[in-house]
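After the C-alpha cells below, expect a handful of questions from me.
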Amino acid sequence: MTVASYILDSSNIPLITRFHARRQYSLDLAKSLTSEDMQLQSMPDASPTKWHLAHTTWFFEQFILHAFIEHYQSPQPQFNYLFNSYYEQKGERYPRAQRGMISRPSIEEVYAYRQQVDTSIERLLTQNSDAELLSLIELGMNHEMQHQELLLTDILHAFSLNPLYPAAFSLSGQPERASAELSLSEQFVTFEAGLHEFGVDPQTEFYFDCEGPKHKAYVAEFTLAKGLVTNGDWLAFVHAGGYDNPVLWLADGWAAAQQQGWQHPLYWRKQGDEWFQFTLNGLVPLDLTAPVCHISYYEADAYAQWRGCRLPSEYEWELAARAQPIAGNFSENRVFTPSPSRTPDDMQLHGDVWEWTRSPYTPYPGYKVPDGAVGEYNGKFMSGQYVLRGGSCVTPIEQMRATYRTFFYPHQRWQFMGLRLAKDC
Amino acid sequence: MTVASYILDSSNIPLITRFHARRQYSLDLAKSLTSEDMQLQSMPDASPTKWHLAHTTWFFEQFILHAFIEHYQSPQPQFNYLFNSYYEQKGERYPRAQRGMISRPSIEEVYAYRQQVDTSIERLLTQNSDAELLSLIELGMNHEMQHQELLLTDILHAFSLNPLYPAAFSLSGQPERASAELSLSEQFVTFEAGLHEFGVDPQTEFYFDCEGPKHKAYVAEFTLAKGLVTNGDWLAFVHAGGYDNPVLWLADGWAAAQQQGWQHPLYWRKQGDEWFQFTLNGLVPLDLTAPVCHISYYEADAYAQWRGCRLPSEYEWELAARAQPIAGNFSENRVFTPSPSRTPDDMQLHGDVWEWTRSPYTPYPGYKVPDGAVGEYNGKFMSGQYVLRGGSCVTPIEQMRATYRTFFYPHQRWQFMGLRLAKDC
Amino acid sequence: MTVASYILDSSNIPLITRFHARRQYSLDLAKSLTSEDMQLQSMPDASPTKWHLAHTTWFFEQFILHAFIEHYQSPQPQFNYLFNSYYEQKGERYPRAQRGMISRPSIEEVYAYRQQVDTSIERLLTQNSDAELLSLIELGMNHEMQHQELLLTDILHAFSLNPLYPAAFSLSGQPERASAELSLSEQFVTFEAGLHEFGVDPQTEFYFDCEGPKHKAYVAEFTLAKGLVTNGDWLAFVHAGGYDNPVLWLADGWAAAQQQGWQHPLYWRKQGDEWFQFTLNGLVPLDLTAPVCHISYYEADAYAQWRGCRLPSEYEWELAARAQPIAGNFSENRVFTPSPSRTPDDMQLHGDVWEWTRSPYTPYPGYKVPDGAVGEYNGKFMSGQYVLRGGSCVTPIEQMRATYRTFFYPHQRWQFMGLRLAKDC
Amino acid sequence: MTVASYILDSSNIPLITRFHARRQYSLDLAKSLTSEDMQLQSMPDASPTKWHLAHTTWFFEQFILHAFIEHYQSPQPQFNYLFNSYYEQKGERYPRAQRGMISRPSIEEVYAYRQQVDTSIERLLTQNSDAELLSLIELGMNHEMQHQELLLTDILHAFSLNPLYPAAFSLSGQPERASAELSLSEQFVTFEAGLHEFGVDPQTEFYFDCEGPKHKAYVAEFTLAKGLVTNGDWLAFVHAGGYDNPVLWLADGWAAAQQQGWQHPLYWRKQGDEWFQFTLNGLVPLDLTAPVCHISYYEADAYAQWRGCRLPSEYEWELAARAQPIAGNFSENRVFTPSPSRTPDDMQLHGDVWEWTRSPYTPYPGYKVPDGAVGEYNGKFMSGQYVLRGGSCVTPIEQMRATYRTFFYPHQRWQFMGLRLAKDC
C-alpha cells in the first residue's frame, strides 16, 4: 500500500495536460507577487512563496525522477537539502524556521529549476506508463494543490504584518452579498442514527492513505446546522464577552487565548468603531453575512459552548456532505475570500472555509503507515491535531472529495478555518 | 446532571466509616515524609504533598460545607485562594507553579484544617442524608483517591531530583519475581468485530461524567497482547536504537524526544554497565520482567511501531477488561512499584501500570458538561490528551471500574504509565 | 596573592571566639523560621535558608579542612556536590535552580553537619596558627557574613510570594521616625577635584581581592546628596509618571521595566488608596521618610535622570564615606528595615541600604585573579554588574569597610538597594 | 549641547558634494545584492539592507526636513512608522524583529524615497547655511556611515545561514599575505604612567556626544601588544582546549559559550581537517596570519586570561592610537576582510578589526544627555555594553577619530571584532 492510490483518470484529459496545468497554476497564483514578497516567512508554520515553488518541484524530483530515471543527476544537488520539508528518509533538511533566509537561489533560478524538472517529468511520461509512476505523478499534483493553498495562506499571514495592508490580488467586481435575512447558522437538519461505512472507496481515482481504509462506524442521531457561523454571529459572541469568560473554554484554549491575547478572529481589525478584515484583497469592511474565518479550534469550541451546541464529528460532517456535489467557492473562483450563503439550500459544506470538527486526527481502524519516505506524508502527524473538512476558497477544487481530511493544531488560525454547529438529539 | 453519579452503597459499610478511612489513607501515605519533603514542588505539573492534603480538604469545604451549611464560615478563608486548583467558578487561584512556595500554613496547620473540615462533614452526615450530599461526598472521596495517587507520583518525581536517592517507603520483603520464561507481551488474543455498548452503566454506584453516557460503537476485529510490555522488552528497543530512529516516531514525539534528550524511561539510571530504576523504594536494580513504566505516549507509540503493532483503542481495552474482576497490584498492596505477571493467565489489565491507549480524550457521544463549578472537573480537559486505562500500583482499588478513563498529555511521563500492544487482524 | 588578605586581629578577641560567634549568628537569624520556610527557593537568584547554612559550612570544609587536615574524610562526602555554589575547580555542582528540591538532608542533618565541621575547625585552631589558615578562617567568616545577608534577602523574597504575608521577625517597638521636615535627599555637598588613591590599604586586617590593589585615580569636582532618596521622593516619581516615560530610562532598563511590568519598588503593595511595604516584619504602612529600597539600577538611574542628576561613581562615594566612621543601621540592630535619617548630619553612607553607583564592577588597575578555586570568588563576576557601596540593614557591620564593593546586575531588586543623587559641578 | 558637534569643514570639499558621495556609497555597497538579498533579516540584532537604505533616509527627513522646511509633507508618511529605529520621541515604531517582513515598499520605492529626500536636502542646502543645519547634515552623514558598516555586517550574517555560501563581493586579486615569521601579537610596547586628558577636542569638526567632554584620567604604566591576535594564535587557543576550560572564562561568558555551543569564532567552518572562514567574499581558507575576527568580548577575555594578559582599557588604547595617523584597511579599500600586518611597525590600531577594550561603555565625567530625540543616539545605551576602538575593514575611514567609541554587548560577535593584548607592568 502506498500513501495514495491512483486508479485511472476518468476525466479524459491526458495526464500530461493536467500535469502541465497544475504546475502552471502555482505560477499563476504567484504572478502578482514581487520577488521580495516571495521571500517572506512570517512564522515557522508558514513558508515563503519561493520555497513552496521550489519544494513542490523537489517533490517530483525526489519521488519520481530519482526513482524512475537511472543515474538521474539533479541539476541542483544542494536543493535536496534546502527544499526537503520533513522527510527524514530523504536526508538532512535546512531548518524550517530559516526558510525566509534563502535569498539564493533567486526566484529566477527557482523558475528555471521548475522548468528543468517539468521537462524531465514530461519526457518521462512520454516513455513510461507504469502504474506506480502515474500514481506518483498524481500524488505530486495533489501535493502541489496542497501547497497552492498554503502559498496563499502564508502570503496572507506575511502581508498581515505589513502596516501598508498590501493586497495580493485585486478583486474584479464586488463579491455577491447575501440578503441580511438569510441566516442558516442555527437552522438544523436531523440525521438518523445508524451503522455506516466511512473512508474512501478504493475505486476512487486518487486519495490519501489517511482517508482509508473503508471501515464501519456507528453514528448516533444528531442535528447539523444548515449554514456556517457568520461574522455577524461571531460579533455577537465578541459583544457577549465570549473572549473573557473562561467557563466557555477548554482549559488549553483559555491558556492559549490569554497568552496570545485573542479578542477576535486573526485578521479582524478595528478602526475607530468599525470592523474590517484583512484579506488577500487587502483590508475590507467586515462582511457580517460571510462565514467567520481564521479562528482556532479553541475559539470554535468556545463559540459552540456559548450557543449550547457542539462541533460536529468528522463522521457526521461526512454523512451530510457525501450526498452533495463538490461545488462551491474554491480557489478557481479567484475570489480568495469566503462568500455568504446565497440560497436557503446552500449549506456551503464544500468550499469557502474548512470546518473544524471535534474529531482528533487519528488513524482509521486498520490504517497502516506506508513504507518508505512517502509514508511520512500523513501518518506521523496523527497526534495533537484536529480534522477539518470541506475545503476553502483557497483550495483547488480538483483536490476535494467528501472523504478528504485536513488537519491542524487546535491553536492554529492562519488557514481559512470556520465552523458549523451540531447538536445531539 | 452532575459530574458524577452516586446511587447507593452496596458495600454495607456506612459512608461515614468509609469517609473516615479514605481521609485517613492520605495521612498514612504521607507518614514517612518530613515536613520538608511535603513542601517540594519539582515541576508545575506536580504539587507538594502538603498542597494535596490541603486541596482535597478544600474540595469538601467548597463543594459541600459551603453548600449545605447555612452561613458556613471557613476557619481559614484565605485557603480558598491558596488551595483551589483550577475551578474558575470558585474564584481567583494561587499560581500553580508557585505551590512549592507555601511554607505557611505549616503542615501542622494543614492537619488541623483537615481535622476541622472532617469534623464538620461527619457532623453534617449525621444530620442529613440528602442524595446530593451523599453523592458529593462520594465525589470528594473519589477526588481524594485521585490525589492519593498524585501525591505518590509527585513525591517520586521530586525525590528523583535528589542525588541522595531518598526512598519514600521501605519495602518489606522482596517483590515476587516472575520466571524469566514467562513473557506475555507478544502473545495475542483475538476479539471479534461487533457493535457494542460502551460507557458506564447508569446503575453504577459512582462514576465520573466522562465515563458516560452509555453509547454504541462498532469495533472491528482485533488482537490484544496478553501481557504488558516489560523492562526487558524495552531494553531491546533501547539497544536497537529506538530512541535514535525518527522513522518510528510521531513527528511531535520525535521533537519532544530530541528536545528533552530522551534515551530511556524517565526513572531509569545507568551506573557503569548496570541499569537501575528509581522508585518509591529508592534506587533498585532494573527488574527486566516487570512492566515498563514512566514512558510517554510518544515512546509507547514508537515502541509499538517498532514491533509492527499499534496501541489498543480505549474501546478495545474495555472489551477485554470488562470481563475481568478488578484485582491486581493497586495502592493498597503498598508495593508502589509495578510487578511482573505471575501466571500465564495474568493479563494485568487492572493495576500495575496505566495503559496508554491510542484514543484521544474526547467526549463520548451525547456527553454534556455539567453545570456549575463541578462541571470543570473533566470536560474542559478534553483536548490534546490521551486516555489511559486500568489503574496502577499507586491507584486506590476502590476507585477503579472497567469504564474509568484517566488522561494525560502525550509528552507526560511521571505517572505510572506503561503499554500493551494490539494489532489489526 | 590570595582572594583576601588577613594580617592581624586588632580586636583582642580570640579568633576562636569570633569564629564561634559568627557561626552562631547564622543560627540566630534562622531561629524564627520553620523547617518548611528554610526549604524555600523562590527564584534561581535566591537560595533556601537550609542551603545557606550548609553551603557556608561546606566552604570551611573545602577550603580549610581538606587543605589542612591530612586524609580528611568528610562525614558527608555527597555534600560536596550539593553545597558547592559555583567553584568549577571544586567539581560538579547540583543545579542552582533546583536548590529548593533538597528536602534531604533535613535541617537537623544540616545542623549536625555544621556542628561537626565547627568542631573540626576549632580543634584545628588549637593546634595550628599558620597565617594562611588564619587568613582562610577569616575569609570563611566574611563569606558567612555575606550569606547571613543573603539568607535574609532570600527569605524576604520567598515570603513576598505568600499571600498570608508572613513576618520573619517581629519587631519589638516602633522604629524611630524622622520629622517630616528633615529631607536631605537633595541637599548637596561639594567635593573638590583631585588625584586620589583608591583601593584598600594593604595593612587592613581583612579585605577581598577586588578591593585592591591600591591605585591612583583622578576625580573631577562633584556634589553629592547629603541624604538617601526616600520613599516619599519615590512616590513623587511614581505620581509624575516616571514608570511610563521611556525618555528617562536606559534602553535596557526600559525593556526590563516593560517586560516585568514594573510600576513601583519590588515590595511596595497598594491596598485601596494606601501604600504598604512588605518587610521582614510583615506588611507595614509605607514609611515616606525612610530610604527607598528594593529598586533596580535601571530604576535608580531613571529617577536620577528625572531629578536632573546622576548616580555617583564608586570613587565619589568612597571619597565621601572614608572620612566617616562605620556606623549605622546594620544587621546587628535587628531592625532589618531601612530607617529614616535622624539628624541633619546623618548622611547614612553606611548601613540602611546599599547604594547603587554608576560604576560597572570591573577590576581595579593592576588586579590579578588569584590562583586556585578561591580565585573564583570575585574575578569571574566582573562583567555586566554594577558596584553598590555602604552596606544595608541586613549586612553584618563587622564585614564593612569604606572600600567594600558589592555588585549586582542592573535588573536585580531583591537586595536592600537604594540610591543617593550626585551632580557634576 | 547636541549629540554631535560640527565646526567647519576643513576638507575644502563642498558639503553638498560630500553629502552626495556619502549617500551614493550606500548604493554602491548594495549594488551586487539582489532585491531578495536586501529583504533578509537573519536575527533581531541585524536589519535588512533595504531597511538600512530607508532608515538612513528617514533620519535626514525626520531630523532635518521636518525641522527646517515649514509644513514639510513627507511623500511617504507611513515610512515614519516603518523606518524609525529606536527614537521614542519620534513616535511608535514597527517591531524591530519584524523588519524582514517589509516586502512593501519595494526596493525601487526605497530608491525613489532616497532620491526624493536627497533632492530636498540638496535644495535646502542651497538656500540655508545655518550652523545647526550643517551640523545635522554632518550627523546624518556620520549616521549613514554607521549604517554602511552595519549593512555589510548584517548581510554577512544573513548569507552565513545559506548553505550555498554566497559571496556579497568578488575580491579582485589576492589579498596581501604577511610572511609567516611576522608575529606581533605578543611583542609589547610599554607606556609610562601619567595623568592625561581624554575625550575629543572640542575644535574637532565632527564628533559624537559620547566622545566628550574632555576630561582628565590617570593611567598607570602598562604594556600593549604591537599586533592584533591572529587566526593562528586563536587556533592554538582552540587546540589548547580554551573553549572547554571554565577557569579561563568570566561566569557570564562561560554560560553564554555553553548555551550557544561556541567552539570557534562565529564564521569559522571546518570541512574535514581544514579550517575555512565565511567572508563577504564567500568561503575562503582560514588565513592564519590575519587578525582573528567575529569573537565576543567573553571569548576575547578568556583568550587574554589564557595568555596571562588582559584586554587594554579604552584609555590605554587611545594613548597608543592618538599618535598614529588614521590609515589602514577600511571600507574604502573594498577588501572587506581583515588583512595581516605588513611590516614590523604596522600596529593596525586603525582599521581591520574593532578592538574589544575592557572598558564598559559609560558616560565620561561631565557627560550630559542632549535634549530632544537626538539625545537618544548614544546615552540610553550606556549600560551593559563594552567599548571597542579603532574601526574595521567595513568602517568608512572618514568616520574615524582616535576618540571614536563604538559599543556592543559582550555576547555579540557579528561585527568585525578582534583583540589586542595588554599587561600591567
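First chain written, first letter: the chains are A, B, C and D, and each begins at residue 1.
As a working rule, a contact is a pair of C-beta atoms (placed from the backbone, for glycine too) under 8 Å apart; a residue touches a chain by one contact, two chains touch by 3 or more.
Quantities reported herein were computed from a predicted structural model and do not represent experimental measurements.
For the self-contact between chain A and chain B, the two sides draw on mostly identical residue numbers; the shared fraction is above half. Taking each chain's centre as the average of its CA atoms, chain B and chain C sit 47 Å apart. The distance from the centre of chain B to the centre of chain D, with each centre set as the mean of the Cα atoms, comes to 59 Å. For this pair, chain C with chain D, the centres built from the Cα atoms lie 38 Å apart. Of all residues in chain C, none touches two or more other chains.
Because contacts link each chain to exactly two others and close back on themselves, their graph is best described as a ring. Chain C contributes residues 86, 88-89, 195, 215-218, 220, 246-247, 249-254, 297-298, 301, 305, 310, 358-360, 362-363, 365-366, 368-369, 376, 380-384, 410, 424 to its touches with chain D in the complex.
Residues 34-40, 42, 50, 78, 81-82, 94, 98, 100-107, 158, 161-164, 166 of chain D are the ones that touch chain A when the two sit in their complex.
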